[in-house]
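The structure under discussion appears below in the form of structure tokens.
The first chain written gets the first letter, and so on, giving A, B, C, D and E; residue counts start at 1 in each chain.
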């Protein structure tokens, strides 16, 4: 579904990604691991179009998308849960969710009930301003908002940050459920190793802007991965 | 029938003036004094042609042939002799009989007497007022006759007042009559009534003086209350102007965060559009003039909105995330737009006319309410509510708010940000343009029009709390009312200075404006 | 710990009773309402000098709000908050509270973006805070060494000259921790320090905080239960603006109510 | 090592050198070179340059608070004008009995508006020292009181900008009133001499030009001292994340008030030097657009660079002088266009962009990524 | 070929552009016309136009530039008093000539300035006289409504003194000032209305300036104040200003000027025709300050020819005594006090935006630099021919100032 082929990304003069490649398949979870500052977020930004890549190709269903504007990528089926949540602070929770209607056809413009099953707090807070929620509540809202667009590709950048353990478990179940439907490809950036390992079908480990280890979970050697992730 | 009655009345009055000089000759005379005498004479003479001659005079259609000082009336393309009604030949040396204020005043008074017998109650009422103002004793018989047959209550009252005024002004009215006249004047209760009663302070009769003093006291309280209400009304009206001027800015600045110095110029463009529309209507379809403002509204919205979209596409869009620089760029745009309009339309004011429904005033329980202001208030509220609806209830409004709060994330949600940005800026500019249509009715239509409103607009938006439409509404009305309540006491300048100081102090108390949003959502 | 509140009559009369406590931080019955939503509903907590304490609790339980109250950012509707015996936190503003020796790391890292990493630490270093003095005074070499030592601790030595704006999310977290250490406060309030850190870093952070405790009191909010376990300290679980459970990690995590609202199954 | 930036860096040296050369050359070219020579500099240009330098000082003062402290003051014209008025009042008193009515005490406008005695606030202005003190004190005090109130109440961003604008607007209206006893719309004019020198004399014009140059250099140095010290770092921290500094124990209101007050005094001095060179001070100087123009000079030159502010002021005003003469009917297009072009293509202003191009990333990085005036709607609420 | 340069110093942008731009065009027309006649002293005239942008210090700067850099022989310019005050020192210092074409508050006579607009005694006082007369309506109560700046203040001071000398009582005079560019006249107009309803005939003397006039008149119209009730006489509202207002509700309100476009003389008709051709606009209107420039410019030409040089010193000495026919009849003479003699007309507004002259002075009125009504100036006299002084005190027999 998604294939990233040898992209380079720069912030000004500083290079953040060097020839990074990654693939994600429908019905599978691909997890990206790595220490702080190695370029995970940069890779996600490149995929969703928030940061331009200097070279390399990004394909969605075989179509190169690296030159599309972010909103066109969203319309092509990419949804993004950014690191740092990026809730619309002055919109209510409901309105935050409704921003996800933009790429949908008119008849699809409703909020799927399963979202409230997944994150029951949101239902109680529908009319509170997004910015007033607690950190963890915002994180839940960010995931829910991405799901409203019914994406083909869901990009999650550290979705468990600041979330209470029980809900992390719920999110894990949700990801498993979404994967099990087999329609959606999921890219997951995570620091919480054990959790990510249990969820993923394939993995990639990054260091200094490069992918240093990658493969299906079956071939994952925990010690190798952890070596790249310790200081 | 009525005409006949008038004639009768006038004939009855006529003998007293039998020795008077020929009014026709006087009208053809040189000095204004002579012409004035002619007018009064004509009215009093009971001449059936008086009405036609007076209206010709006030329209400048009354001509005099210098050779024999004959008066002629121009009726359409033809000339008739004023005295005989016979057709007359045109000649190049005809001169119009000139009217100045003195003559016009005489005409008004004269027509007042004549119209007292008009079949149209509206006209009779106006006539009664004219008599009230003129206080000409000669009108007394006509007044009495008119009173005797009057059936409409308001006209009756006006006639009674006029009669009382004439009686009080006429020397030699009996004391009892004078005292009897005072309540009618007192009931009128306005400044004019007060003036008349004040004039009685030197009356020889103690009873009259006392009655007048009581009348004055009663009117004074009434006027004080009315004055306060009137000031509130003025305040609301000023507030509505502020609201109109600020409301577009509440979008471009309040919602989008662009420090839009060119906002005033968008207002100006709207006003010039109104001018343009009226010019076209004047030349192409004069009958539509009454609709000119209604037609201008969508035109102004489109013109200013389009310019707004262009500004956004070519300049502002490169500046998101650098809001301060929008100040610089839009200031540049504002200079260029001003000069552009100056180059095209010239530096002087352009005339924008007021359709009939916008002019004049009506009396509302003693408050004088001008139609123009009332429509502007209604219009401002309508624009406000419309905008509120768009922003709060439509999906475009939701997208606008999402984009302005977090452009990058909005794009990631699939919202076409460039499109939303351009339309939002266009909407704000278009609304500024609409405001220009209204402002063209009360202010100069000149290249500087916008400059006069930009500071106040920013003040209103900030005072109300940036990004809060209701705040803008309340702020505009508050500032308007406070300003107008203070103005009669301290004068316009100090009132304005006081208001500015008030805002400065107020912001200390509420650093984020009147209707600041609270909570984490707005903290930085 | 002896943490009871002692109320002594004041010379000025009974209304001005002077309150004293032995605890470093004494919170009693704090209540906070936002637009009708009760974020804190009678929160009470005491922290002894040098104590390390972990706070857990569901999202929205009021943990951050509690820190806001302690640091003067939010004024509670009612309640008592005393620091270091007698200082009434509810009557002081943020700089005064910081001056008393309370430092804070924010849940969302906030650093001075256009300053370099080193300057961020520099600004946080303990020292005089007056405007006029800062015009003329300048930091000495000892402090330079201290800055380097701190940067070493938080692993940002290599980034010392970069503007803080260029750091990644996790690096900013570390920088904030560095700034907090630089302040050398009596009480450290640490809101979710290990969010976004790798497991190794998490363990390292736990060690760091344990080391600091003893000399300083530390209040840590965190959702990472491994980390909380590593801290090896008393744990307080908040729920709906009040304390739900308090005790050792084992006791708290075995509490069925905590499992129900927080840990999940 | 967080080393202290040098008091005068490279661009500072260049700036001071150019300024010194300018202040040295102008008198020579004007006084020493004979009038017929092609090199001769006419006196009117000396005054014109002097005016630019006064504006440059105003721009530097604004940059101090805007560039380093994030206070976008739209009211600096007020401080400038107040300084100008203080100087103007001194100059008026120097006229003595040489006014048209020959009144030894009352300025002309008071005579013909029937003033019987000098209003109290005119006392003392016959002494230069007093007037000079007022040039500093009046703007300084106003800025102190205003700043203290506003900063303590945490009025920031656009709210602050707009109330500074309201301040200058209110002052403008007040000074336009004839009852203020300051000449109303006509302001103060027809100056004769300053410290005994005739303001018309060529020597005086050169002298005050040089004095303005020196004041500019001093102003620059003061601003540098303030910005390179620890104070300056804290100022920038306040600009970037004011509330965060509070949690570190700083009191932002103190820092801001100090900078604002010093800046206002500098603006006052600029105004005082400006008035004798242009020969008039009138309430129009309080006009909000003047403040906005000052902001624009700074932006054109490069915010947060000080040198850029001075350069921007000189360049924009020079452009204005030339354009109003060369293309009187269309100069606004040119000037407006210039502003647009600068924003679009030189986002950090002339000097800022030059520094960036020269690769000195660090210096340029003192600019915040997101200036703080606009309503911060886009920011996430969970911060701090 | 060598030319004689003439400076034109009128704002082409900013708030004053609305009034001053026309004067720039008028000057260009006059110069072109003179050149067509062969120029002056055998040389062509070359206009130098600059834009002081309604900014007073910029006026001084531009004046300096015109004189020092462009070496103009004379400057025609300024509108507001403050702009004149701003350039005065420059003209004195550099010894050049300014022709100032606008009615002003008086109280000034400078060697380098020639005042071709009206002094208060040439506009304000005749207007009040008219309104007091039987023809004018016999006003007994007065509202002096002005913009708060020196011209209205001084004019109103003079008028107040004058009215009192005519027996008008204090309570029958209402003086009110509003700021520049004032646009919300509701309160002020209602105040006038109330003041005027006290039984005595009331008139308003308006010294409202510039942009504020349009909203003022619009509000008058809206509140239904007709000229027959309360006439308003204005000193700054001319044909040009009326072009921006729908004049129908204003018929009968008055203006006092020394020139009206509607006055029928052969000179005026020719002038209007030339102007409309020059502007390529058959609707272009002429006004009083334009005539002032017309007079001033022609006087300057004559003086240059008389002096045989454009040297300002010589021209200044040659100017007093020069005569020039007015466009409205009669001949203006430059007086020793550098003001000119003028006829005064009172016109009533007509529906087409023109004025109908309802009254005029029998003779030309000489402009007075110093008002006889004001305490401080009644002893002053200006005479640049004999006394060589602009403010000679007839009591102390000294020339004031330096």
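Please note the rule applied: a contact is a pair of C-beta atoms (placed from the backbone, for glycine too) under 8 Å apart; a residue touches a chain by one contact, two chains touch by 3 or more.
What you are looking at is a predicted structure, and each value in this text was computed from that prediction instead of being measured.
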Smallest count of steps, each to a touching chain, taking subunit A to subunit C: 1
Shortest path length from subunit C to subunit E (each step joins two touching chains): 2
Chain located farthest away, centre of subunit D as origin (C-alpha): A
Per-chain CA centroid nearest to the all-protein CA mean: D
Chain whose average C-alpha position is farthest from subunit C's own: E
Cα-centroid distance, subunit A relative to subunit E, in whole angstrom: 75
Centre-to-centre distance between subunit E and subunit B (centres being mean Cα positions), rounded to whole Å: 30
Computed distance of Cα centres, subunit D from subunit A, in Å: 51
Centroid spacing, where centroids are CA-atom means, of subunit D and subunit E in whole angstrom: 36
In subunit B, residues with contacts to at least two other chains: 338-339, 405-406, 451, 467, 493, 496, 519-522
Where subunit D touches two or more other chains, by residue: 173, 176-177, 243, 329, 332, 369, 377, 379-384
Numbers and ranges of subunit A residues touching at least 2 other chains: 84, 86, 89-90, 129-132, 135
Subunit B-touching residues of subunit A, taken from the complex the two chains share: 48-50, 69-71, 74-75, 79-80, 82, 86, 88-91, 95, 98-103, 129-132, 145, 149
Contacting residues of subunit D [partner subunit E, same complex]: 42-44, 47-48, 51, 97-103, 109, 111-114, 173, 176-178, 184-187, 189-192, 200, 278-280, 282, 284-285, 321, 324-325, 328-329, 331-332
Contact set on subunit B toward subunit A in their complex: 395, 398-399, 401-402, 405-406, 408-417, 467, 517, 519-522
Contact footprint of subunit C on subunit A as seen in their complex: 11, 14, 35-37, 41, 83-84, 121, 128, 132-137, 139-140, 158, 161-170, 191-193, 226, 229-231
Of all residues in subunit B, those that touch subunit E in their complex: 31-33, 98, 100-102, 104-105, 108, 133, 190-192, 194-196, 198-199, 230-231, 234, 237-238, 241, 338-339, 342, 346-354, 359-361, 368, 370-373, 441-448, 451-452, 484, 487-488, 491-493, 496
